[in-house]
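Structures incoming, each one as structure tokens.
Two complexes follow with chain A in common, the first pairing it with chain B and the second with chain C.
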Partner chain A sequence: MNSRPPKERLELPLVKAPDSIWTSIEAALDAQIQSTAARPRQFWAWGLGAAALIVIGVFVWRAANTPKPEWNVVRVDGQPSIGSRPIGDAAKIAAGERLRTDASSRARIAVSDIGTVEVSPNTQIQMVAARPSEQRLKLISGEIAASVSAPPRLFFVDTPASTAVDLGCAYTMKADGEGNGILRVTLGWVSLEWEGRESLVPAGASCRTRKKVGPGTPFFEDASQLLKDAVAGFDFNGASDADLETVLAEARVRDTLTLWHLLSRVAPADRPRVYRRIAEIAPPPATVSRDKILQLDRAALKLWREELAWKW
Partner chain B sequence: MEMVSRCVLLAGIAAATAAGADFSLTIASPIAASGPAPQDSKIKMKVSKGALFAIRMEECPALNKAELTGVAEGIADGAYVSVPVIISSTGTPGVYVAIQTWNPGPGMWVVGLSASCGNAKAGALVSIGPQGFQRESTKLLPRPATKADIDAELKLLQSAN
Partner chain C sequence: MVAGLSDREITADIIESCRKGDREAFHALFLAYKDKVYSIALYFFHGDEAAAGDITQQVFLKLLLGIGQFRNEADFSTWLYRLVVNACMDGARRAKPQKLVSREIDIDTLPGTESLERDFARAQTARSVRAALAALPVKFRLPVLLRYFEDLSYSEMASAMKCSMGTVASRLNRAHKMLAEKLEFLR
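Right, the complex of A and B next:
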């Protein structure tokens, strides 16, 4: 059954292919080459997309499951509110949120696990940060009482005219909307800071704050009224010579807290007077030189302050 | 004879002066022991709540051999009470804080301190009132405080109130 092809089929004439066919063949070949080259790129694109989706998924899952920086709040009296919602017996406050009390309400905030803040009536605060290295709130207006048990410089309270830096302490802080107010320390130390100005306030002492001035000069609560008034005049009313003279004349041993701060706040020409008065009341240790103090040498000032603190 | 008595007097003054530089205690508010940690400091120490007062040993060349103990006696709710006081080191050599071990409340207390630095001895009687440590009535002793010292001081405090 091996039949031969018909003769006429073998003898067909050769015909030249039309030019257009080569064009279409080349186009087809090009398309094939392009599709072969594009396959790995598509593969990588899909791979990357999938990886990105996984990363985003993990990120979203972690964000949803990571504890939010929040503080617990309990109602003590009346009807405090967070934002526009009144809190029940307990609530949580997150970064950026505001807690308000009216004339008849009070609240207590648990600042992570380092302490508590009692929020007095007619007070407004904002939670700023709750990180392991920084717990911070803003006292917009009103009064708070803070009691903190944590390493120094972990808990901060901002007002428009100062930042109270906890150095291991308990204190109350009062401020109006502009930052005018007073800090009273009941345990340990607080550093009141504002634009490079610093007041170190120990237990038993207070420090006023004023808009655009920052923290004033600290004074012990049991100082004479004359001294306290003169300190206020010196800090916020032109630093007159009469006020300085009153402070120097009224100062007791404990009031060297005030005088020590004045060393760096009086005019250079008045500094020797302040030094002389402290030295009269509580002579500096042998390691502290007059010249260094008058030059406001930080180490000498610190050394003298640490020695004076044994008399405060 | 006059010369001899002058010499004795001078020797007495010298001895008293020397004694002034002897081992002793300084008592102060707890704020003296903690101090504000400076901004550039890594110090994490701070005085815990319940610190009654700070104690500093003076003129003790061998602080590693120094010892300090305290006992508090007081009258609370009409009853006489005697409790130990925790003396806690602050991290600064020779500086300690006395920690309250009784429930805070109304009452009068006297803390008797006994310290030694080698063979040298010192002590103190520290009154604790409702507002805490009373600097004005603190008494420094050239020897450890005894129970009789504490009782006498407590009676004095009672009669003053």
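Right, the complex of A and C next:
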């Protein structure tokens, strides 16, 4: 038999999607984009009265539809403020402005039309940019929960010790004024980057950040406490041999996420131990050689990561 | 206006209309791709219609809410299938602890299929193929579904699955070998 069954032999009929899916989508769309969709129609209606009004109407319509460097903010609890002014039920935040919440207040930001950011109590954020190619905020201190539906690398959150780059996801990010904190991803992927150091964090995993160090090594929340503590010790407390040994011993298949990141973070003399442990749990594909991995060959590391990622 | 178009007829104009919030254009886009997205999810989740419906809704909602960021058709198609891959993978991860529902797809009850009851042999074949496909590991199942339902190129699949073309080629090759072995008796 030919090793590739012809498509017609697969006999997989295309299945009609139920009509109810569109009804649900419309309901969700109505809730999220109704106000945006309604605005231009209003202007055109007003413009029908007189030629002058039409001209003005068109002008205003264009102005209203030009993306503005500001986001809508709604008060969820208490009395959040933008700059020195308390916001009412709703407000707008512009580039450069800061939003603050106290111990009893919370706010929600609509990040253009790509998602939302929930701002927890005792948090301070600054809006940095709202361009079609870049939506960026700075988490000065506190905690936010972001939920974004956008192409990868469009939404960014800066802290003093990291930048969370959205790869299509939902996550929470916590940081103090110096950048010490933690990222927890609940959906999709986030790339946590800082001064050439990069941690890829999938759903279910977390990654700590630390002042002057940047992102630590990502780990799954359901990993053993021993592993999680040892990762923290390794990242931010001297990278001891005991911590590395604990991580290697405690690692499950899924924890190859942590081990793969450690390949490029351990001392060269320790790299073979890390390689050996990953290979025991999840052997590399035939195209990935031990030597290339130990040399930190980018292509080989990427190939192995792609293979391992199916288990993350 | 534009309802009932095939995916091949989805033009930059329609995508542009979607970007402006045109609901009819949204609907046309949905109609053009919904069955493929739903079918991929349905076969991926072993015939679980509820999971396939959730994935389809999730994919289109993300697509429509983010479409304002797109500039051309090529990006659109790649992004659509990346969303499908991500949603399926996330769904599989979430379902892991409880094990996926593995309700057998009953071809006779599927809407939109031909009258297969008139061809018992063909239905049996179809059942065997679906069982073989469902038995493939996730990483091999997805490329087969993307290739079969959307005939994506290797580079499009690589982009959707965030891996290299070599990886796509090797996974497809292995998947086809596994399917061929499992379906040997059909020859």
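We take it that the second predicted complex is superposed on the first by the 244 of 312 C-alpha atoms of A that agree within 3 Å, B and C clash if a C-alpha of one lies under 4 Å from a C-alpha of the other, contacts with A are read in each partner's own complex, and residues count from 1 in each chain.
In this section, a residue touches a chain if its C-beta (ideal position, glycine included) is under 8 Å from a C-beta of that chain, and two chains touch if they have at least 3 such contacts.
Keep in mind the model is a prediction, meaning the values are calculated, not measured.
Of the two partner chains placed by the overlay, only chain B lies in contact with A:Leu200; chain C stays clear of it. Using the contact criterion defined above for the overlaid structures, shared-chain residue A:Lys302 touches chain B and also reaches chain C. In the superposition on chain A, A:Thr287 makes contact with chain C only, not with chain B.
Of the two partner chains placed by the overlay, only chain B lies in contact with A:Arg153; chain C stays clear of it. Once the two complexes are laid over each other on the shared chain, residue contacts for A:Ala103 go to neither chain B nor chain C. Taking chain B and chain C in turn and counting the residues of chain A each one touches, the greater count comes from C. In the superposition on chain A, contact is made by A:Leu187 with both chain B and chain C.
In the superposition on chain A, contact of A:Gly168 is made with both chain B and chain C.
Using the contact criterion defined above for the overlaid structures, shared-chain residue A:Ser24 touches chain C, although it does not reach chain B.
Across the two superposed structures, the residue set of chain A contacted by chain B and also by chain C is 149, 151, 168, 187-188, 203-204, 302, 306, 310.
Here chain B touches chain A in the complex through residues 26, 28-32, 34-39, 41, 43-44, 46-49, 54, 56, going by the rule given at the top. Those residues of chain A that touch chain C in the shared complex are 1-5, 7, 9-18, 20-22, 24-26, 28-29, 32-33, 36-37, 112-115, 132, 149-151, 154, 168, 187-188, 203-204, 285, 287, 302-303, 306-307, 310.
Only residues 21, 23, 26-27, 30, 34-39, 42-43, 49, 52-53, 56-57, 60-62, 64-66, 68-70, 75, 79, 82-83, 86, 90, 93, 107, 110-114, 116, 122, 125-126, 129-130, 133, 137-139, 148-149, 162-164, 166-167, 170, 173, 176-177, 179-180, 183-184, 186-187 of chain C touch chain A when the two sit together in their complex. Interface of chain A with chain B (complex): residues 149, 151-153, 167-168, 170, 187-189, 191, 200, 202-204, 302, 306, 309-312.
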